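These are the structures, in structure tokens.
Consider the two complexes below, in which chain A is the common component and chain B and chain C are the respective partners.
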Partner chain A sequence: MGALWIRELRSYWQSRFEALQCLAVFSVVLLLFPLGVDPEPELLRLMAPAVIWGSALLACVFGLETLFRQDLREGWLEQAQTSIWPLPLLLALRMVAHWMFTGVPVVLAGVLGAAALGMSEPGIRAVGWSLLLGTPSLVALGSVAAALTANLTGGAMLSALLVLPLYVPVLIFGASAIALAEAGQGTDASLYLMGCSLLLSILLAPLASAAALKVVAE
Partner chain B sequence: MNRFWTTFHQWGSPPTFYRFARALQPWLLVPAVLLIVHGMYAGLVLAPADYQQGDGFRIIYVHVPAAWLSLFVYTSMVVAGAVALIWRMKIAEVYVVDAAYAGAGFTAVALLTGMLWGKPMWGAWWVWDARLTSELILLFLYLGVIALNRALPDRRSAARACAILAIVGVINVPIVHYSVEWWNTLHQGASITRFEKPAMPMSMLWPLLELSLGSMLFYFWSVLLRMRGSLLERERRQAWARAVAADAQPS
Partner chain C sequence: MTPLLSVRQLHHERGDRELFGGLDVDIHGGEILQVVGPNGHGKSTLLRILAGLIRPDVGTLAWRGRAFTSWEDEPVAPLMWLGERPGWAAAHSVEHNWRYLRSLRGLTPDREACWIDPAWWPRRFGDLSTGQRKRASLAFIEISGAAVWFLDEPLSGLDVAMSAQWQSRMQQAASRGTAIVLVSHDALTFSPDRVLTWTGEY
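This part shows the complex of A and B:
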């Protein structure tokens, strides 16, 4: 088990610059919104929850591309099926490693971005917490779409179409946590709900992804 | 129990299902047409105009059946998807994929008629109301199933992939619905509660029930038609499909 985990980390470390593209996409998208409107502090602060979460969703969707495709081509799935460990567990390891290399940088950059958009201190804290709880659910849900399109060339667009509707709850709870914190209200309710969807998606997504990978690899 | 499984498998075999569907279709189409024609007449002509909305309310006779069916079709797709994944039943696989087209159609009709109604009643084509938004998301879920099915080359694995997607979607649909509802109430308070259900008089309600039943029968008819086509295409190398095709061709 430990060896598998180290293998995942090592393979992500080897392609760390690819994984960091996720961070770059997040930052660029975040940068585009203030350029599109008058950069008035008041307006930016109002838009900040939507901007941060919209950028996080897009960055995550682009990151999904790297989740399974290469491995499927190299026969990883056949090997994984002969392993003593169940496939969903292996996929869960993969998701955690993927999140560490694509999600964590986005959380950190999101906090910086929130400061750049002129948010208050509780607002910045809410950005950090909501991204920390939300990005793993994005990766978990996204893994299902990535698995369903793993065998297609140019499946990135399709996987975005499949997964973005499913991201709605995370977007709503995440953005509302930030907006509530900015308005000086408590954010517990939204964050607990995000924690709930995180638990649910961590439990179910590996199973669904494993089923999906088996179906499309047939 | 044994007999149950025999029937189950027989019903699941494409030639049996094809013949069964062909025989059943007229029994669906005739009542559907009768109900829809009579319901339209009763709804558009006989029913009195609403005291608040005037004749504008009559769009519910299209809108409500379409909206109900859009949810019903998705639910039925999920059930069929589970059957397809568990028992690998070909009929269920075909149903998951073919129902998505009709479902997307009903969802689009529900949205469009809702917009037509919203413009004079609310003064806007589109309002960011919870129900409208979740119906729009439902449309994208249907489009996702259709796109996925068209993208994957192998018909059988495409159908099973669609089944997985539909099942993942259905766990999400209630969450999406409630999150959108809370989102709305968090931000602007319930500005619109679609229409305060005034207890409808029977003369208004009857046509609605007739049209709903008629639309559902029409849906089953059309999905069977589509499934027959898909089955013939999938099994075009089998003897039974060739026999059907030979029968249909004027020699």
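This part shows the complex of A and C:
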């Protein structure tokens, strides 16, 4: 099991600059938005939740293409299917590694960005928590779409279309947690709901992705 | 003797074409079965069905006399698979690939003396030549101790000498009790125990 995990980390470490493109997308969108509007602190603070979550979503969609494509091309799936490990478990390892290299940088950059947009301390904390709970759900939900489109050329566009409706609840709760915190209200309800959707997606996404990959590979 | 692997009444369609209509295959330990036939008639599909990668539309697959469900939860993987793509990551070194693929199958990950040239271990798999890549993946299969090997075109990409070497290695493995199912267009230097000529007609 250890060796399996090490290989996932090594894969992402070797292509770390590619993985960091998600961070780049997130930062660029976050930076460009304030430039396009009147840079009033009040206005920026009002827009911040939507901007942060919108760019986090874009960044996640951006990274999905790399999730399974290379492996499918190299024939990894057959080796995984004839192995002694359940395919969903192997895919779950992949998702965790993917999140560590694409999601975690976005969480950290999101906290910095929130500070830069002039948010209050509870607001910044809400950004951190909501991204921490939300980005793994985005990766897990996205993995299903990535699996379904893994051997299509131009599958990235299709997987974005497939996955965006699933992302909407995460976006709504994530942005509302931040907005509530900024308004000085409790964020627990939104964060709990995000936690629930995270648990649900972690449980179901590996199973769904495994089924999708098998169908795609036939 | 119960066959290692057997398929009964196999029916399978691809698109709207019937590939198999009621095929029975038995694979016994120590036997080399060559599947030959023209392209596009489902040889590789048959191999995938036998290896449990595809569930057939109709038909039963039995492993050691019991209905096959999956290879999971076996302590050590009882089968080896070599498809048209070997499953080795081009970006990783031969040794890292080796350790990973061994762990996937529940084997000790340490490298062992085998058909792999010792100089290859630190090299990236993607930097090896086509023949070297083939040889590395075959070497991995050879010392796995698995009961059945499924090989799709194992000789393509190997030069004449290497191809002959690999064929004698397959025979040695079969004499130790390994069952080998191979799809190959190449004429073998030995005569396999059984040849299944698959033309897609009955």
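Quick notes
Heads up, the rule we're going with is that the second predicted complex is superposed on the first by the 218 of 218 C-alpha atoms of A that agree within 3 Å, B and C clash if a C-alpha of one lies under 4 Å from a C-alpha of the other, contacts with A are read in each partner's own complex, and residues count from 1 in each chain.
Throughout what follows, a contact is a pair of C-beta atoms (placed from the backbone, for glycine too) under 8 Å apart; a residue touches a chain by one contact, two chains touch by 3 or more.
These numbers come from a predicted model, not from an experiment.
Look at A:78: by the touch rule set out above, it reaches chain C but stays clear of chain B. By the touch criterion defined above, A:208 reaches chain B but does not reach chain C.
Contact with chain C, but none with chain B, is seen for A:3 once the two complexes are overlaid on the shared chain. In the superposition on chain A, contact of A:149 is made with chain B only, not with chain C. Of the two partner chains placed by superposition, A:88 touches none, neither chain B nor chain C. In the superposition on chain A, A:49 makes contact with neither chain B nor chain C. In the superposition on chain A, A:11 makes contact with chain C only, not with chain B. In the superposition on chain A, A:162 makes contact with chain B only, not with chain C.
Contacts of chain A with chain B, set against its contacts with chain C after fitting on chain A, overlap at residues 218. Chain B contributes residues 85, 137, 140-141, 143-144, 147-148, 151-152, 154, 157, 160-161, 164-165, 167-169, 171-172, 175-176, 179-180, 182-183, 186-187 to its touches with chain A in the complex. Contact residues of chain A toward chain C in the complex are 1-4, 7, 10-11, 14-15, 70-71, 73-76, 78-86, 217-218. The residues of chain C lying in touch with chain A in their complex are 51-54, 71-77, 79-81, 83-92, 96, 99-106, 109.
Considering their complex, residues 141, 144, 148-149, 151-152, 155, 158, 161-162, 164-166, 168-169, 172-173, 176, 179-180, 193, 197, 200, 204, 208, 211-212, 215-216, 218 of chain A touch chain B.
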